[in-house]
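The following block contains the structure, expressed as C-alpha cells.
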Amino acid sequence: MENYLLIPFLPFAAFLINILFGRAVLKEKAHWVSILAVAGSWVVAVMTLRDVLAGKTLNENVYTWILAGDFKVSVGFLIDQLTAIMLIVVTTCSTLIHIYSVGYMHGDNGYYRFFSYLSLFTFCMLMLVMANNFLQLYFGWEGVGLCSYFLIGYYFDKKSASDAGKKAFIVNRFGDFGFGLGIFVIFLNFGTTYYAPVFAQAGSLAAKSYNFLGFDVHLMTLISLLLFCGSIGKSAQMPLHVWLPDAMEGPTPVSALIHAATMVTAGVFLVARCNPIFSQSETALVVVALTGAITSLFAATIALVQNDLKRIIAYSTVSQLGYMFLACGVGAYTAGVFHLYTHAFFKALLFLCAGSVMHAMGGELDIQKMGGLRKYMPVTYVTMLIASLSIAGFPGLAGFFSKDEILWMAYSGSSPVGKIVWASGTLVAFLTAFYSFRLIFLTFHGKFRGTHEQEHHLHESPKAMTIPLMLLCVGAVAAGWVGIPALIGENIGIHNGIAEFMKPVLGHAEGHGTHGEELIVMAVSVVVGFAGIGLAWFMYMLRPDIPGKLTAQFSGVHKVLYNKYYVDELYSAVIIRPTIWTAKNILIGVTDAKVIEAIVNGVPAAIGGVSRQLRKIQTGLMHHYATIMAMGIFIIAALMLMRSW
Amino acid sequence: MEQVMTNTMGFPILSSLIFLPVIGAVVLLLLNRTNENLIKWVALLFSVGTFLVSLPLFSTFDKTTHAMQFVERHAWIPSWNINYYLGLDGISILFVLLSTLVAILCVLISWNSVKMKVKEFFISILIVESAMIGVFCSLDFFLFYIFWEAMLIPMYLLIGVWGGPNRVYAAVKFFLYTLVGSVLMLVGIITLYLYAGRTFDILALSKLILPYDMQFWLFWAFFAAFAVKVPMFPVHTWLPDAHTEAPTAGSVILAAILIKMGAYGFLRFSLPMLPEASRAMTPVMIGLSVIAIIYGGVICLAQTDLKRLIAYSSVSHMGFVTLGIFALNVQGMEGGILQMLNHGIVTGGLFLGVGAIYDRTHTRQIADYGGVASVMPVYASIFIVFTLASIGLPATNGFVGEFLILLGGFKASQWAGVLSATGIIIGAGYMLWLYQRVFFMETNQKVAGLSDIGARELAALLPMVVLIFWIGVYPTAFLGFMHESVRHLLERVSDGGVHGVSVAHNVLEILK
Amino acid sequence: MVPLNWYLLLSAAVFSIGVFGFLTRRNIIIMFMSIELMLNAVNISLVAFSHYLQDLRGQILVFFIITVAAAEASIGLAIIIALFRNKNTVHVDEMHEMKG
Amino acid sequence: MQLMMPNLQPVMPEITMTVLALLVLVADLVIKRKETIGLLSIITAAIVAYFLTTAKGTAFNGMFLSDGYSIFFKLIFLMNLILTVLISVKYLSVERVNFGEYYSLILFSTLGMMVMASAGDLIVLYLGLELMALSTYILAGFLRYDMKSNEAALKYFLLGAFASAFLLYGTALVYGMTGTTDLKEIAGYIALNGLAQNPMLILAMIFVAVAFSFKIAAVPFHMWAPDAYEGAPTSITAYMSVGPKAAGFAVIGRVFLVAFGGMKVEWSAVLIPIAILTMGLGNIVAISQTNIKRMLAYSSIAHAGYALLGIIAGTPDGLASVMVYMLVYAFMNIGAFAVIIMLRSGDFKGDSLSDYEGLAKTHPLAAGLMLVFMFSLTGIPPTAGFMGKFYLFMSAIQAGYTWVVLIAVIFSAISAYFYLRVVMLMYMKEPKETVALSSSPAIGLALAVALVGVLAIGVVPSFFVNFAKAAVAGF
Amino acid sequence: MSMLPQMFFGYFASAIVVLSLLVITRKNPVHSVMWMLLLFFHIASMYLFLNAEFIAAIQVIVYAGAILVLFLFVVLLLNLKEELQADRFIGTWPAGLLVSAAIFVSLAAALQKFVPGPKGNFTIDLIQRVTHTKVLGQVLYTEYLFPFEIASLVLLIAVIGAIVLAKKRMRSH
C-alpha cells in the first residue's frame, strides 16, 4: 500500500518516455516501456487489493494543487474497497490490452504514439479512480476523455476518425458542464470538495433546499443530478450516447480498453462513489434508474439491426452501461459495480475478439460479409462465444451473476420504479442474448460471404493477441464467482464475497423478497437469455430468410432502428446547425458587421463626410471668408447682447 | 508607509527592466541597417538580458505581504507632484515576468519572417517591451498613463508596417479605438488627481473615499480605456482585425500582454479607487463578460481565418477574465488574474504557432490547411498542447484559471456561472474543430512537404509549453504570489458598509 | 453741444458702410479703400471721445492709426501690384488658387 | 517740462533687436552670401535672448511690461525665429528668393511680437501687432513669382486689415467707456463702475476678441489660415503657425485676464464656443486634406482651440499651460515643417501628402523625425505634445470646464487620424519615386533642436512647467 | 445754445455717409478715389469742430495727400477699361449688405447703453491756450515715445515691403 503512488505514475512515466523518445529512439520497441509500466502497476494494484482485503484503507493528500481563499484542493489519493476493485479492473484490462496491441498494432507508423496514449490513458483512469476529491476526479475524468479523443482519432488522416474523436470530446463536455456545476454547488454548500467531509455531511444536509437559478430545489437532488450529467456523458447514456458508436473509429484495442472496460464505466463509478449523496435523493435515484433502463432498452433495439461488428458491440456496451445505472438507481450500487467489473472482462473480450476478426478480415467490419470464420480462427471463436454466453447470462458465467443480482435488486428493492425497470431489464436481457448471438452466428457460422481475396487471407491472430483473449476469457467465465448470490451460495457454502467486501463503501441494499421470488426472477432471466439465443439461432441459422422478410415488412421500424432513432440528425438540426447559422448570420453578419462595425467604421466615415462637406466652406474666395468672419462677429455680438440686455 | 517595501536588491531592478530594452533600442538605432544579423543578435541579447534581470523578482518576492515591493521613488515632475514611482505587488509581478519572456520569444519567432525594415522592427519590439514593463510597474497614475499610451506608437508600427494585406486599416483602427478610450480615461485621471489634492500616487488614491457620483463617472471613464483594451463586448471589433493583420510578434504581444493591460487596469485602478461604483456596476460588468464569453465563442465557430478565430477566442477568454475580476471574490479574482497569465501564455503560444506555419505557407485560411500533423508531427504535438490549454483541460493552466473563475462567477451570480460554463463547451467545439481542420484529415497539397519546426522555433514555443504544465500542475507557485494582494484588494472593495447589489437598481441608475 | 452719441452713430454708420464695401466689392482696391473707410470711422469716434473726455490719448491713437494706415497702404498696394503682374486682374473672385 | 531719460533696462532686448535688425538690413547691402545674414540673425536672437535675462521691470509708465510672462513668450518668439532661420537658409536658395530682406523682416516681425507680449497699453499693443502683421504679410508674399504666394499674402493682408479695423473699433469703444488705454486702469475702471455687464463694453470686448481670434486663427476667423499657410513659403508657414499665434495668445492672456479680468463670465461665454468650434473644425477638416501644408494649417487651427482652454480656465495654471503649450507647439510644428522643407527640391514641390509615401524606406531618418513630430502633435506620450495637452486639460478641468475638456479629448483622438496618415504613408506604403532631400547642416540643427525640445519636454517637463509657473506668478 | 453746431454736424454727417456710400459704389475706381478725397476733407473738417486741428491737418496731408495719391497711382497702373466692363459687386452682395446692416444695428443698439468714461485734464481751454499741436507733441514725445518709435519701424517695414514686393528684381542665383 505504501507504494500506491506507483500505480498511476508508472504508466505516466511510460507515457513521458514514449512521447519524448518514442519517435526518435524507441520506435517499434515502444511497447516494452508501456507494458512493463502497466504490468508493474498491476502488481502493485494486486498488492494494494490484498491490503484492502486485510482491512486497510488510505486517504492521503500529496500536495496542494489549487488554493484560492477558502477553496483548497489537493492532489490526493483515496484507496478503499471501491478503488481497489477499480484498480484491479483497470490495470488488468489495461495490461492485457497492452499486450494484445503489440500484435494488433504491429507495423503501424504511429506505434510509439499509440502506446504513449495508452499509458497516458491508464494514468488518467487510475488518477480518476484513486482521487480523494471531486476536482482530481474531474482531472482524471477529462484526462481519460482527452486520451479517448486522441485514440479515437488515432487514424487522424481519416476524416471520420477525427470527426468521431472531436464528437466524443465535445459531447462529453456537455456532460462535464453539469458535472462542473455540481462541483460548484458542492463547494458552495459543503465548503470543500474532498469526498470524506462531503459524504460525512451529506446526511445532515439531506433536507436542505437550495436556491438554484431562482428556483428552490432540493440540494441533494440538485447535486446528484448535476453529477449525473457527467455520468451521462462519460458513460454514453441517453441522450448523450451518440459519441460512443462513432468512437469505434479508433483502433480496436482502444475500443476494448476505453470504450468498453474502463473509461465508459467511470460514470457508474462516479455514481457509486457518490452514493452517500445519491441515496439522499429518491428523485435522483429514480432518474438514474430510468435513464439506465431506457438507455439499455434503446441501445439494445438499435443493436438488433446494425451490421457493423464493432458498432453492435458498442451499442451493447451502451446497453450494459444502462444496466449498471439501472442497478445504481434502485440503490444496488454493489450490483452496479459488480456488473461493471464482470462487464469489463467479457466486453473487453468481445472487442478484442472483434479486433481479431478484423485483423483477419483486413479491416472489414460488416458482418453481412463474414460467416464461417469458426474454422479459420478457432481461438477467437471459442473466446468470443464464451464472452457472448457471458453477456447473455448463461448460468455460471460472469455475466449471469451480475445481471441476476441487478434484476433481483430491481425487482425486490424499495425503488418506486423497481418493477418497471426490472421488466425492461428482463426484456433487454432477451434482446442482448439475441443480438449477441446474431453476431456470433453471422460471423462465425454459415458460409463466408466476403470476397475471395479476404477468404484467402483469413487466419488466426498471432500469439500476442490470442493469449490476452484466453486470459480475459478466464475472467469472463470466472469473474462472477466472487459474487455468487446467497440463494445459491448458501447451499454450497459460499458467501457473496463482493457484497461483503463493498459494504463499507457502498452500503448494502436489502431485497424484500422471498427466496421463491428470487428463484423466479433468476429463472426468468435465464429463460429469456436462452430464448434470445434460440431466436437468433432460428432466424440466422435455420431460416436465414426471415430477417430479410421482417426487414421488408417492418421497413419503417427497421429504418428508424438502423438510423439509431435519428438522434444524430436531431442534434445536428437542433444544436449544431442553428449555432453555426447564428454565428455566421447573426453574430458576424448582423451584430458585428451591421451594428458594432457599422458604428466603428461609420463614425469615422461620417466624420470624413462632414470633413469633405466642411471643406467646401473654404471656397478660396476671400469675400466669402470676410462674410463668414463678419457673420461670426454679428452672431457672437447678437447672442451676447441678448444675453446681457 | 506600511504599504511599500523599498528595493533591497542593491540596484534599481525595475528601472533596469524598463530601460534595458530602451538602451537596446538605442543601440540598434546606431547600428548599420545592412547588418541584419548583428541587429537580430543584439535584439536577442537585450531581450534575454532583460529576462535574466527580471528573474530575481520571481525568487526574492515576498509573498507574505500585499505591500508594493522593489519600490523606487524619485520626484519626476515636482510641480505637478508626479513621481517616478515603481513597485510590484502580487498582482503585477507575474505580468512583468511574462512580458520579459514574451519579448524573447517575439525576437526568436521573427528571426527570419521579418524581411524588411529589420532594424525598425526590433527597435519597436524592444520599445514595446519597455512600455509593457512600465505599465505593470507604475505606481504613479501619470507614469502609468505615459507607458500605456507610449505603447501605441510601436504597436501601430508593428501592425501597420509588418502586417498582412489589410494592415493599414487594422493599425489605424487599433490606434484610434484605443486612443479614444484612453483619452476619456485621461479626463478621469485628471479629475481624480485634482479631487485627491493633486496626487497621482496610486496607493494614496486607492485609499481615497470618493463620493458615489464621482465614482460612477470615473468608473465609466476608466471603463472606456480598459474595456477597449481588454477588449470587452461590444468594443471588441478592433481585436480581430489587429490580431489578424499583425505580424506574428505583434499578435503575440497583443495577445499575451497588451490586452491584459485592460484587465490589469480594472484591478489596479477601477476596483481599489472606485470600490462602491465597482460594486454597483458588477451586474453590468458580469453581464458584458458573459456576453463576451458566449458571443466570442460562438463567432469562432464560423471563422475561416486562422488568426481571426484565435482573436475571437481571445474575446471569449478575456470575458472569463473580466467575469472573474468582477465576481469580487477570492476565487474569481485569483482565477481572473491567473487566467490573464494563462491567456497570455496560451494565446501567445497559439499565435507563435500560427506564425511558425504562416511563415511556411503564407496563408491564414483554414481551408488551405489539413493534415499538417502528418508533415509536422513535433509542431502538431506542441500545438495540441496550446489547443488543450485553451479549452481548459485539467493539468493545463487553462483549467485552473477557468475553474476558479467559474467557481467565483457562480458564487457571485449563478446565472453568470451557468451561462459562462457553456463557454467551455463552445471553446472545445471551435478549438478542436480548428485543430481537426488544420492538423488532421488528408494532407492538403499546400502543406505537403513542409519542414517541421526547427530548433529556433522550438526554443520559442517550448517555454510556453513548460509554463502551461507548470501552472496547470502546480498553480500554487503562481497563485501564491497573489493571495495577499488579492485579499487586500477585496477588503478594499468590500469595506465601506454593506451595499446590496441590486441589478434592477443599477440598471435604473445607468439609464438615468 | 452735439451729443457724443451722434458722433458714435455716425462712426458706426461709416464703419458699417466700410464693412459692406469690403464684403461686396469685387475690386480689391475698392475693398482696400473700404478698410480705410472703417479706419476713418474709428478715427471719428476716437477724436470725438478725445474731445468729450478731455483726454488726448484718443488723438494719439488716431495719429498712430493714420501712420499705420499709410504703411498698410504701401504694403497692400505692393501686394496688389505683385498680384496684378502675375495674374493680370484685381478681381477678388478670381483669386481661388487655393481652397478646400 | 523737463525731459528725463526713461528707465530703458526693461526695453533693452527690444532696443537691441531694433539696432541689430537694422544692422542686418544694412549688412545685406554689403554681404553677398546670404547665409551669413541668416547667421547674423541667429546671433541677433542669441544676443537679445541674453538681454532678456536682465530685462525685468516696467517702462514708459506701465506701457511696457517686461515681466516673466512676456519674457517666456519672448523666448518662444526667439526660439521660433532661430528655428525658422535655420530651416530657411537652404530653402530660400531652393526657391531662388535668397534675399537679405527676408531675415530683417523676420527680425522686425519678431520684434513686433515681443512688443505685443510686453504691451501694457492698447496703443502699444496695436502698434506691436501691426509691426508683426505687416512684416508677416510681406513674408507670406515673398515668393513674388508664385501665384499662390501672392494670393496668400493678399488674403492674409486684406483679412488681417479687416480684423485690425475691428480691433481698433473695439479699442476705441473701450477707450470711450473707460477713458484710458492702459490695461490695468481699464480693469480698475470696469471694476469700480460695475461696467462688466454693459452691452457696449461687451461689444467692444467682442471686437477685440475677434481680432485676436483672427491672429490665432480661431473659428470662424480662421478662414485666411489654410490659404495663407498653403501659399506662403514653407519656412514662413512654419514661422506664421507659431509666432503670430503665440503672440496672439500672449495678448489674449494679457488683455482678457488683466483688462477684462472682471468680465470673465462674459468673455468665457464667447471663447468657449469659439474654442470648441476651433478644435472641431480644425481637426475635422484636416482629415480630408491632401496637401500637407494645408493639413498642418488646419492642425494649427485645432491647436489654437486646445490652447484656448488654458485661457478659458483663466487661472495662473491655465495661463502657464498656454505658455508651455505654445513652446511645445513651436518645437513640434517647426520640426514637422523642417521635414516638409527638406522635401522641396528643384522642381519637386513635396507638399502633397502622397509625396510622403515610402519615405521611411528612402529616408529613414527624416521619416523617423516626422514620426516623432506627428505623434507629438497627436499628443501621444512620451512626447512634449502630450505634456502640453495634459497641462492644458488639467488646468481647464481644475477651473471646472470638464465638459469642454471632454470635447477636446475626443477631437484630439480624431486628430490622430490625420497625423497618423502621414506616418502611415511614410512607413506603410512603397515609395513611388525617389525623393531627393535638400538637407543642410542648418536644417539638421533645427531638427535636432526640435527633436530635443519635443523629447525633453515630453520626458522632463518640470523645468519648463516651473518656469512658466514662475513667469505667471509675477503676472 | 443755438442749433448751429447740430446743423453743422447734420450736414457733415450726412455728407460723410453719402460720400462713403459713393466711394464704395462707384464702378470706376478713379471716381471712388475722388469721392474719397472729398470724404476725407469732410472728415478733416469735422475734426476741426472737435478741437483737433493737428489731426485734421494730417488727415488732409497724410490721407488725402499721400495715401490717396498712392491709390490713384495703383489704380492707374491697372487696366481701367476692363474694369468698367466688369461687375461692381460680387454675386452674393445681398449677404454682405445684410451682415453689415446687422452689425450696424447691433452697434446702434448697444450705443444706447454707452456710458462715457471719466473726464481728463486736457480741457478745451487748455488745448486752445497751448495750441493743439503743442499739447499733442508734448504728450506724444514723452508719454508715447515708445509707440512712436515703433510706428517708425512700421513705416520702415512699409518701405522694405514695398521694395521687396513691388520692385522688379530677378530671382536670386
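Couple of notes before you dig in:
Letters A, B, C, D and E mark the chains as written, and numbering starts fresh at 1 in each.
Note that a residue touches a chain if its C-beta (ideal position, glycine included) is under 8 Å from a C-beta of that chain, and two chains touch if they have at least 3 such contacts.
This structure is a prediction, so every number in the text was calculated from the model and none was measured.
Think of each touching pair as a link: the shortest run of links from chain C to chain E has 1 of them. In terms of the stated touch criterion, the partners common to chain A and chain E are C, D, listed by label.
Greatest centre-to-centre distance from chain B is found for E, with centres as Cα means. Think of the whole protein's Cα atoms as having one middle point; the chain whose own Cα middle lies nearest to it is B. Ranked by C-beta contact pairs, the top interface belongs to chains C-E. With centres computed as the average of Cα coordinates, no chain lies farther from chain A than E.
Annotation: 31 Å between the Cα-based centres of chain D and chain E. Here the spacing of chain C and chain D, counted between their Cα centres, is 26 Å. Taking each chain's centre as the mean of its C-alpha atoms, chain B lies 42 Å from chain D.
Computed from the mean C-alpha positions, the centre of chain A lies at a distance of 78 Å from the centre of chain D.
The set of chain D residues touching two or more other chains comprises 123, 127, 130, 134, 137-138, 141, 144-145, 153-155, 158, 162, 175-176, 179-180, 198-199, 202-203, 226-227, 288-289, 417. The residues of chain A that reach two or more other chains are 604, 615, 618, 620-624, 626-627, 630-631, 633, 637, 641, listed in rising order. Within chain C, residues 4, 8, 15, 18-19, 22-24, 31-32, 48-49, 53, 55, 60, 64, 68, 71-72, 75, 79-80, 82, 92-93, 95, 97-100 each touch two or more of the remaining chains. Interface note: chains touch in the pairs A-B, A-C, A-D, A-E, B-D, C-D, C-E, D-E.
Partner chain A is touched in their complex by these residues of chain D: 154-155, 158-159, 162-163, 166, 197-199, 202-203, 206-207, 209-210, 214, 219-221, 223-224, 226-227, 266, 269-270, 273-274, 281, 284-289, 414, 417. Contact residues on chain D toward chain E in their complex (touch as defined above): 1, 3, 6, 11, 18, 25, 34, 59-61, 63-64, 92-93, 96-99, 101, 104-105, 108, 111-112, 115, 121, 123-124, 127-128, 130-131, 134-135, 137-138, 141-142, 144-145, 153, 175-180, 189, 193, 195, 198-200, 202-203. Residues 19, 23, 63-71, 135, 138-139, 142-143, 146, 149, 153, 156-159, 162-163, 165-166, 169-170, 173-174, 176-177, 180-181, 184, 187-188, 212-213, 579-580, 582-584, 587-588, 591-592, 595-597, 600, 604 of chain A touch chain B in their complex.
Across the interface of their complex, chain E is touched by residues 1-2, 4-10, 12-21, 23-27, 29-30, 32-34, 36-37, 40, 43-44, 47-56, 59-60, 62-64, 66-75, 77-82, 84, 88, 90-93 of chain C. Contact residues on chain A toward chain E in their complex (touch as defined above): 621, 623-624, 627, 630-631, 633-634, 637-638, 641.
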